Structures are given as structure tokens and as C-alpha cells.
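Naming follows writing order (A, B, C and D), and every chain is counted from residue 1.
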Amino acid sequence: MSRIARVHRLDAAGPSDLAALDEAVAAGRIDPARVVAVLGKTEGNGCVNDFTRGYATESLTRWFAARMSLSAAEVERRVVMVMSGGTEGCLAPHWLVFEEVDGPAAATASARLALGAAATRELLPEEIGRAAHVAVVRDTVLAAMQRAGIASAADVHYVQVKCPLLTRQRVQAANARGQSVATEDTYKSMAYSRGASALGVAAALGELPGQSVEQVGAAVCRDPALYSSRASTSAGIELMDNQVLVLGNSAQWGGDLRIAHRVMQDAIDLGAVQGVLADLGFGVAGQLGARERERLVAVLAKAEPSRTGTIRGARHTMLDDSDIQATRHARAAVGGVLAAMVGDTRLFVSGGAEHQGPDGGGPVAAIARV
Amino acid sequence: MSRIARVHRLDAAGPSDLAALDEAVAAGRIDPARVVAVLGKTEGNGCVNDFTRGYATESLTRWFAARMSLSAAEVERRVVMVMSGGTEGCLAPHWLVFEEVDGPAAATASARLALGAAATRELLPEEIGRAAHVAVVRDTVLAAMQRAGIASAADVHYVQVKCPLLTRQRVQAANARGQSVATEDTYKSMAYSRGASALGVAAALGELPGQSVEQVGAAVCRDPALYSSRASTSAGIELMDNQVLVLGNSAQWGGDLRIAHRVMQDAIDLGAVQGVLADLGFGVAGQLGARERERLVAVLAKAEPSRTGTIRGARHTMLDDSDIQATRHARAAVGGVLAAMVGDTRLFVSGGAEHQGPDGGGPVAAIARV
Amino acid sequence: MSRIARVHRLDAAGPSDLAALDEAVAAGRIDPARVVAVLGKTEGNGCVNDFTRGYATESLTRWFAARMSLSAAEVERRVVMVMSGGTEGCLAPHWLVFEEVDGPAAATASARLALGAAATRELLPEEIGRAAHVAVVRDTVLAAMQRAGIASAADVHYVQVKCPLLTRQRVQAANARGQSVATEDTYKSMAYSRGASALGVAAALGELPGQSVEQVGAAVCRDPALYSSRASTSAGIELMDNQVLVLGNSAQWGGDLRIAHRVMQDAIDLGAVQGVLADLGFGVAGQLGARERERLVAVLAKAEPSRTGTIRGARHTMLDDSDIQATRHARAAVGGVLAAMVGDTRLFVSGGAEHQGPDGGGPVAAIARV
Amino acid sequence: MSRIARVHRLDAAGPSDLAALDEAVAAGRIDPARVVAVLGKTEGNGCVNDFTRGYATESLTRWFAARMSLSAAEVERRVVMVMSGGTEGCLAPHWLVFEEVDGPAAATASARLALGAAATRELLPEEIGRAAHVAVVRDTVLAAMQRAGIASAADVHYVQVKCPLLTRQRVQAANARGQSVATEDTYKSMAYSRGASALGVAAALGELPGQSVEQVGAAVCRDPALYSSRASTSAGIELMDNQVLVLGNSAQWGGDLRIAHRVMQDAIDLGAVQGVLADLGFGVAGQLGARERERLVAVLAKAEPSRTGTIRGARHTMLDDSDIQATRHARAAVGGVLAAMVGDTRLFVSGGAEHQGPDGGGPVAAIARV
């Protein structure tokens, strides 16, 4: 017997539309009890007042609760749910459902897609976005790798973290104890939390050699030269711990899925996309054909506008547009670049990429059948 | 002696920034007196209240007037100026300056980039968006081809038309004469005008075999199956005639530029982009390298959201987004697809593609040095 | 014994925040079993992709289902729930909860706030937005008046209707039966449905003397001169019937609430607002003071941009703004005008006012303790 | 002989539409040579990428240059031009033209509207937004008061300041001299500059008793308790000095205009608006009637969202809306409140109110014929 990871990409007609999930269960393709994580690309603005994320999370929670006779709290402990708002440009709203099932002993020596989920302890408000945050995420990523049976950091290709943020109440609670916080601006606290989480991933994966956790904590949202090539982090108001999902390849796992990743150096780095696809055995002289596309089950990437205000020397207007948030522009651009190559618009492109890849770029990962 | 077309792609720091034009003139690279047309990609929203187009046109008009001691009206008669608003996603604001200069007799038998500009008579309001509009654009495209020395429609690769629109005053003037207009909705009149102009181009280029001008006029904004593979049309309030710029290849022209085009069948049709580049002698197995990019002097494309609400079966949200206009999403997506291949974000991607390519797709053209 | 209407205005920290409702129940101020209707002002864009309305409706439905051990379908039959998106400018998200409870026999001869809810039969798609739609809403308003014990149309001050819209599937179903629909544009079908519902209210209230239902049906979205001074209608995808809530005054009801209304002739018609308040016994020489504000329990109004593009001769830019939808501008403006007078921002200002008051204006109603 | 101030409120069909100005000159109502200042309410977003301000300024500059045979630089020295973007909600784009003309000796002892314009020296980048900035604006306001013949600060009712901002180049220039700047974030530098200018006005008008200029400089954008009740400041990229226009009443001036002001304590402070109107002799029991409105020639106000996130305890959503900038919401709200009272939408409501009135409120001024 071996562990097998299954990944399902399902259409979403709206943030509460789980018809495709119902159908997959009815057809025996998904077993709710084996679902480890659901990532959702929802159609809100991906910014402060994006209620599609909460709506989707609540819909999923109720769905799992009803299917498995669990309380909402039990569902939340059992299933990592990360919603990313924003389907700008050509992007399609969709769900990515990750299952761990049992299968026959792996017939081959090749490593296959492995999943590992874990949660940190709850943070104190004053820890968010600082060295302590980096440290607990680092340790939890290592724990999740162990659970996934991934021995080497080199075999980790994508780490999703859902991390907490500061609210006025949390800031006040810290202040009442005589503690300062990383920032009193609650919106900025999302960036600090995403940044610290990403650097925690980087620390776990050996991407910050020679840096103490204190040095790394001090660099959060300050030194963009420090980053993880495999982190994707997202802040939510509903938690004070950090939920971690590690995706990599492991010889302990069977099935037919593999994952690969590269780092886009800027928003239009097609070479990185081709690299990921080539790693997974695709021909990349042109857009994937219909048959090849069926083999590709998920594409995940981070997008952000370069702080320089330029892409290869030419000006972009993302940061100066007061009508459309910069992250919305960035997702649309990166979505176009990815779709150009893969010929599919069901792409999990998410914004807010502090310390997740270089300025203006970001990690890109893909999962495909061998 | 032969005619030579020169094309300059210049950076714009804003809609009134002509510093790059000043510099090119100072360096002897551009002769204001030889400029035939300027296309500008400006950073407004590309929709109704986009004042960057008017601001850019006024700035250019004054610039030419000062440089050549002409009145504004004389500049307008002499230089075709078409501004396209919207630099969503990765797109960079820029100017494309087209010159016709004299050069040595063409040394080769190969056809080179040829330019032809012409204007229709002024339309009556009741003609806009109808068969009469189609007919005058058709005839004027043929006249511009002749001026450009392009004998065959097959050698035409891009036709830019700037066409009029209806205002309340114009509708009333028609009504006062007992005439109806194509639509009393002045915003919609832009679509009708763009559509009729595009079908005029299609008629001139033989793309509508067996269709009478009356049939074509009746199909404007009604039958998307009729379209031109080479038209790019844009409506403006400041004119009642139609200004036409034909770009093609002709053996009568010298220099080192050639143009090619393809039709994107949908927003993510990378194959069409690769086709255009291959036609111009570029290797297309991956993104163009820095050296190849220098050879590429302009990329022009139309973008629009598919009316089906899907791209290859996956839902897009462009048409349902009440916060960002659909054409803004479409430009961002197509900009990403083009940039993926050419490695440059100075792309003239314009929206509002009625009868300019199939639903959800559009023409894409490029000009490069041989 | 007499019937008594209670109205609660509760804060909402977000579209799923029902903490104030929980609190009111815990304190014995609200009995879930007696709730007739909930109107919610939610903070989405109030346009096509406003998911805060659905999120709020789902949250309320689950809340009532849990409190009363009912199915969702039973809750929907029992409680009229109408969500209006858009809290632009100074407007505050909030809930208005309407209860009918029993009380001592009315001590006075004065009429008091009376509630009447009723639903039409389900419409066929081909009926939406047409004469048949007008007719069934008219009849159902009359039925709801009867239930409410309101004998005279003059005592009706506000009629909320939630009405259906067309989807692609519904259009196809009609077409398959050989039937046409009012419009094949599903977004426009919302306007037709709101318009027909409003004219149904107008017909019931005797506001369309001498007009046959066929004439009225033909005027939907065509003749803005026909309108109701008391209708507020809103289209939703989740129903095919029409849910009607009539608010008026009736001597059969006890308690201490009264309702009044006026019609704003344009977006800045302060006189109409003063008129409503004066009808309810408030001094209106200036903004209501803190004590008077406590007496005022709800303010409801419709807002829309005037189609003339002007307000008292001065240009507005609402209809030309491609960055912000016109209805968002209109709600912000009317919200400011109302808040100026009442000194409170918890105002139920809703957009989309076809046949609900004159062009650019709309009904305004208020409920206050005597 | 005495000095007379004339104020003209003119319609603008767009940011470059000066037809009303042409007409006023043709009719002899305006003498271009006597124009001291033009304030323009333009229809852009009022934020970073609002090109309507620059477009309007350029159009005005050219207009004056042509009318008076001056260079653009001479026009800029002669006429204070301040454009405020954003006509959200009911607001109407318009121009306010201020002239100083000669007239018969003042027949009455009453003070009349007086104008005083002056400019500071050019600032160094490192001075912007700091104590030095406060000091030079303070001194220049005093100089402008003297020029206007306004002896007492109590007679000053509105001070418009156009102030500089930091660009990357300016920051680098300061850094190259070993100097730090108030903020390296160029967008934030606008707030610092507006704030320092406003506090300079406050210092000049005696609104900061007992505060040293160093203390005040340290409070810029930090202590909202310090503010001017009469400042309206706006930052522009095109200048390094500060242009000041003081409006007040002076017995040295003739004519029939007077100005008054109050401070709105929050966005819906109708009492302040009534106070201003009452000071100018209007009845304020309801909206001004048509005849009274003719007497009112200008209304000017500042608007901003309260940082508390509430208005009188009820939540507003301005600061959390990632689709519409908070200042746009605030202008729409305050525009509605003002229009409610004055019955006219040609209101100069401008955003970005750092240290211009209390948090969430702002100064409101009006000019009327006696």
C-alpha cells in the first residue's frame, strides 16, 4: 500500500457554487473524508472588501460539515481552505481539491506528488510579521515535510500558508499587555504576515543561508532581496495560527502526479513557465495542445507589480492607477502569460507576493500526470 | 529613389509627454514634416470618460503645429492621430510614429512596409454605422491602398480607421431633417461606427464575398460572423469623416521594414502570435531574446471579451464585473499573451473589436526589420 | 388584542454579521418566529457581481433555519428577505428587521404601521417585464394590503417587491416553447422586471388612471412618465415569483410606529425629505437632534442618475463614468442629502429605480415612533 | 476708487472646455487681464492618475497666453490655477474665476470680498512637509493678507494653497546632498505637503497658539488635533514653490460680495452649512430657493473619510473599499450634504484634507452677493 495524492480542478459558477464537488462525490471521484485541502480562486477583487473569499470558505465549511456530520470547527481543523480572490483578465474561477487516498504499493521508484498539512500554534498579536512568526512557520513547514515523507527541501515545490492578520482589537490586546506590534495599520499587517510566513518557508527550505531568525525577522517587508522561491502565502482574519500545506514529490507516494516549479523573474517571464512544463515532460515549443492540457491538473503562481514601476525598462501603470488596485493588474498580466503557454485559463494566480519570489516576479508551479 | 517607411516606438511618461519625440527630432531620427501618422497607447480607462486620448491628441497637435508652423486644423489634415486608451496589466504607454521618407531605389525585389493614408468625406449623422458608412470606408481603403502602391488585398496587413460617433446634437440634427439614426444611444453609436468601419475594411479587402453593401450595413453590430481580419477601428467625437491608415507590404517601397498579421481566434491564441513572428523571420520556440526584440518595432492587436462568457469552455468574469469594464480586462489578458512571446510590454493593444476578428479574438500584426 | 409592527435597525459589521440579531434575540427584543421581513443594506457594488447580497441572504436563511428548526425553503416562504447592495459615500451597512407581534387592543383611533406580505404565482420567463407581470404584482399588492388591513391606497407608503430576472436558461426555455421574451439581454431583464413590478404597484395604488394593463405593459422601460410614488423593487436570480411587502398605516394596528412618504423630484430634493419628516411630527428647520433621531427607526429611498445628464441644469458625470457605475454615484448623492437632514447614515438607499418615481428622483419613506 | 472682487462660476463640458470663458469675455463680463485665480472642479478621479487636472491647467494656460500674448511661464506667475479632480455623486464640473477690478469708492462701511495672492520661495525637497514648509507658507499667507488689505485673521475665510510634492528625482537630489526627506513614498509626500501647508495657514491665522514651528512641523500627518479651519491645500507636481490665495472680507474693497466659513465637524454636519449661509444672510429653514441661489456665487469645502471608520457611531465603508478610493466616497457624501441645503450641484468639494478641519470633517466656505 502507498499513499496517493489526487488533485481535482473543478469549475465554480460563483463563490458558493459547489455543484461540481457534489457531482464528483456522486460519481465516486472524490471522497470528502480524504480531502486534505481546497484552494479556491474566487471572483472578488482580492483586496480588503473581497467577500467572495469568506463566502466561499463558509460554503465549503458547511458542505464538508454536512457531508461528514462534523462541526464547522472540526472541518476547519481537518481541511486546509485557502481562497484567493481575483480572476482578472482571462482567469477562470475554480476550485483545486487535494485528496490523500490509499493505493497499491508504488510500482515505480519515481517520486510522486506528496502532500503534507500542519498548523502552527496560535500567535500572539505582537508576534505577527516578526521573527517569532518566521520561526514557527519554519518549524511547521519542516513538520509538514516530515508528514509528507519529503526528505529533502529540493523536493518541495510549493508551500501554501494561510496566516493571521492584525485587527484593531488584537493591536489593543497587545498594547494592553505593554507590547508593540509590527504595524498598527491593520491592512499593512496582512503584508507583514504574508512576508514573515514566506520567509519562514524560505528558512525551512534552506533559502536563507547564514541568516539568523532575528535578521530575517528584521527584514520582513524591508529587504525584498530575501525571498522564497516556493512560498505562496495569504492572510485571513479568521485564524491566529498558520495553516501550512506542503506540496512536493516523494518516493513514498504512488499515483501518477508530479509537481515542478520555477521562479518568474518578472511578470512576463515565459521561460520560467516553459521550464516548469518541460520539467513535467511537456513539449514547450508552443501552447500545449488539447491532449497535453488534460494531463496538466493545476497551475499555481504569485503575481505582483514591480516596485520599480517598470518591466524590462518599459513603464507599467499598475502602481499609479487609482481606479484598479495594482494586484488586480498584476494577476491579469501573469494570467495572460501563463494562459499563453498552457492554453487554459483555470490558473491559480494569486497576488500579494511579499518575499515570494523577486520584486515583480514570483514562483510558478504546476502539477501534471506523468 | 524609392519611398521608405520608418516606424518609431517612443516612451510616454504621460499623455502629454513628448520628450522622446523632441529627442528623436534633435537627434535627426524623426523629421516632423514626414510624419504620416501617430498611434498612441495612453493610460486612461479606454472608455467614455478617458480624457487621456484627447489630452494626448491636443499635445501632439500643438507639437506638430509649433514644429511646422501650421494651424491645428492643418496638422489634423496632415497627420493621422489615433489614441487608444488603456494600459492594463503589463502594458506600457507609448507612441508609434510612422514616417514616409525618400530613400535609394529599393535594392531588392522584396516588398517592404508601405503606408497609405486617406480620409472619407464627412458623413451625415444618419449614415453613421450603416451601409453608407461601410461604402465610404471601403472606397477610401481602396484609395489608400492605391496611394500606398499596394496592388493586392493580400498585401494589406493592418488598417487603422478613426471614425465618428453620434452626439445628442448630431442625432437632433438628423431628426430635424426627418431622418432616423442607427441608434439614439450615443455610447452605442461608437460600437456601430467602429463596426461599420471594420466592415468597410472587410469589404475593401474582399473578406465579405457575395455580400451587398446593404446586407453588410444591416449586419453591423448584429452578425459577428462577418468581420475583417485586418481592421482596427476607433471612434472619436472630434471628426465626422473617417481617417484611414493602411499598412501593408509593397515592392514599390524600400527600407528594411515588413509587416505581417494573423487572427487570434480567442484571447489566448498564442499560435496566432507565433505565426506573425514566424512570418517575420523570428524563431518562436520561446520568448524573443534581447537582440531579436530590437528587430521588432511594433506590435498591434485588438482585444475584447468573448460574448459567450467563456474561453475554451472555462468561465471568464469580464462581462459580469461591474467594477472594471470588460474591455479593460480583455486588454490586460491579451497584453499578457503577447508579452509572453515578444518579451516586451510596449504593445498597442486596443479594445472595442466589433467586426474586427471573431468573437473574443481579434487581429494581431507586427512590424519588424528584415 | 391588536397587531403590532416592530422595526429594528441593527448594525452589520459585514454581510454575514448577525451578532446584533443574536443580541436582540438574547435580550428578548426580537422573536425570530414573528419576523415578517428583513431588508439588508450590504456593502457590495450593488451591480452584477455583488455577492454580498447572496452572502447576506444565505447567512440570514441559515440563522432563521437554526433558530426555528426550519429548512431553508421554509425560511424563504416565511420571511421576505431583500438585500440592497451599495453603501457608497456616508451610507452604513445595516439590517432592518420587521416583526408582527400581538399587543393590547389599540388604545387610540390613530392608524399605526401595518405590514402585509404576499407572493405572486411563479412567472413564466416570457411574462417577466410585460403586462402579465404588471397584472400579477398589482393583484398581489392588493392582497397584501388586505392582509395588512389597509383599506385605502392612500394609506400605503412603501411597497417593496423582490422580482425575478431572466437567465440564459430561462430565455432558452421560453424560446423552446416558441415564446419570445421581453429582452434576451439578461442584465437588462433586471430593469424590465423591476419596471414591471413597479408599475404593478402603481396600478394597485391607483397611480395609473385610465391605463389598461396592456398599455402599461408596453410602457415598461419605455415611458418614464409612468411611475409609482411608493414602489421599491429589486430583481434576484433565486426566485420566479414576486415577493411583496406592503408598508402603510392602519387603524387595525397598535403600537407606536407610523410611516410616511414623499417623492423626491430629483437627487437633491431636500423638500421631499423634510416633508416626510414633518408628516411624522419632526421639526425640520435643521438636522434632527440626537433625541429626535432615536424616534426615527428607518429611512428608505430609491436613487438613480437622471437620464438628462443634468441636475437642475448643471451637468452630472454619473452616466459617463466608466470607473464607477452610475447607480453607485446616485446612492452616494442621495445618501448625503438624506443624512444632511436626519443626521444618521443608516439609510436604506437603493438603486435601479425604473418607474419608481420620476427620472432622476424617487420615493423616500420613513418610519418613526409617534 | 476701490478694489472690487468678482467671482464667476462657469460650466465646464470637459477638462478642456473653456467655451463659457470665451463667452464671458465676449460679453464683457470677464477681463482676462484682471483674473487673479481660477479654481477648477474637474471630472477625473482626483487621485494619482487623474490627468484631467493637468489637462485643464494646460488648457487654461494656453487660453490666457493667447488672450494676453504671454508665455506659459508668465501666465503661471500671474494667475493662480488650482484644479481639484473628482465630481462624484451629484457634483458638477465647473470653473471659479476670481477677478480683481477697479470700481467706485466703496459706498458702505461694510467689508467686502478681498483677494490676495502670493507665492513662497521654491522649497528644497528636504523641506517639503516639514517645519520649514510650515514657516514659509505661514509667512506667505501673512503677505497675501497684507496685499488683500485684510488686517485681522478673523476676516480670513478661506486660504487655498497649491503646494509641491516629492518625485523620485527630487528625493535623489536631496539624498545626493546628504539630506533625508519627510517620506520617500512619493504618493505620501502629497499628504505631507498638503498637511504642512495647511498648518502653515493655521499658524498664520493664529490657530496654533503656543506651538513652535518645530513642534508644528513634527506634527505633520501625525497629530490630527492640529488643524486649520480655513485652509484648503492641494499638491501638484509642476511647482516647487507654494501658491497662496487668501479670501476674506475687507473694508478696503467694494463690490457686493462677501465670504463666510464654518467647520464641518463630520461629513454630515448640516449645521455648519446652515451657519455659513446664515452668516451671508440666507434663510436656512429649508433648501435655498431659485432666487436665493442666484445670490450665491461659490461654495467651497474639503472632504475626507473619518479615520475612525464611523460617522456618529455608524460604520462607513469608505476606507475598506478597494474598488473606489476613499476620497471619492467622501466627496460624494459631502457633495450631497451641501447640495441638500443650497439646491445647486456646482460645488467645489475637494479631497485630501490633512490638517484641514477635524478628522472626517473640514472647512466649508461660501461667497454670496449681499
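Going forward, a residue touches a chain if its C-beta (ideal position, glycine included) is under 8 Å from a C-beta of that chain, and two chains touch if they have at least 3 such contacts.
Since we're looking at a predicted model, the values are computed, not measured.
Looking at B-C alongside B-D, one finds more C-beta pairs in contact between the chains of B-D.
Farthest from subunit B in terms of Cα centroid separation is C. One simple way to say how far apart two chains are is to compare their mean CA positions; for subunit B and subunit D this gives 42 Å. In this assembly, the C-alpha centroid of subunit B lies 47 Å from the C-alpha centroid of subunit C.
Within subunit A, the positions touching two or more other chains are listed as 43, 45, 49, 317, 320-321, 323. Within the complex formed with subunit C, the residues of subunit A that make contact are 14-16, 43-44, 49, 51-52, 54-55, 58-59, 62, 323.
Per the touch definition, subunit D reaches subunit A in the complex via residues 45, 47-50, 317, 320-323, 325.
Subunit A contributes residues 11, 13, 43, 45, 87-94, 267-268, 270-271, 273-274, 284-287, 311-312, 314-318, 320-321, 323-324, 328-330, 332-341, 343-346 to its touches with subunit B in the complex.
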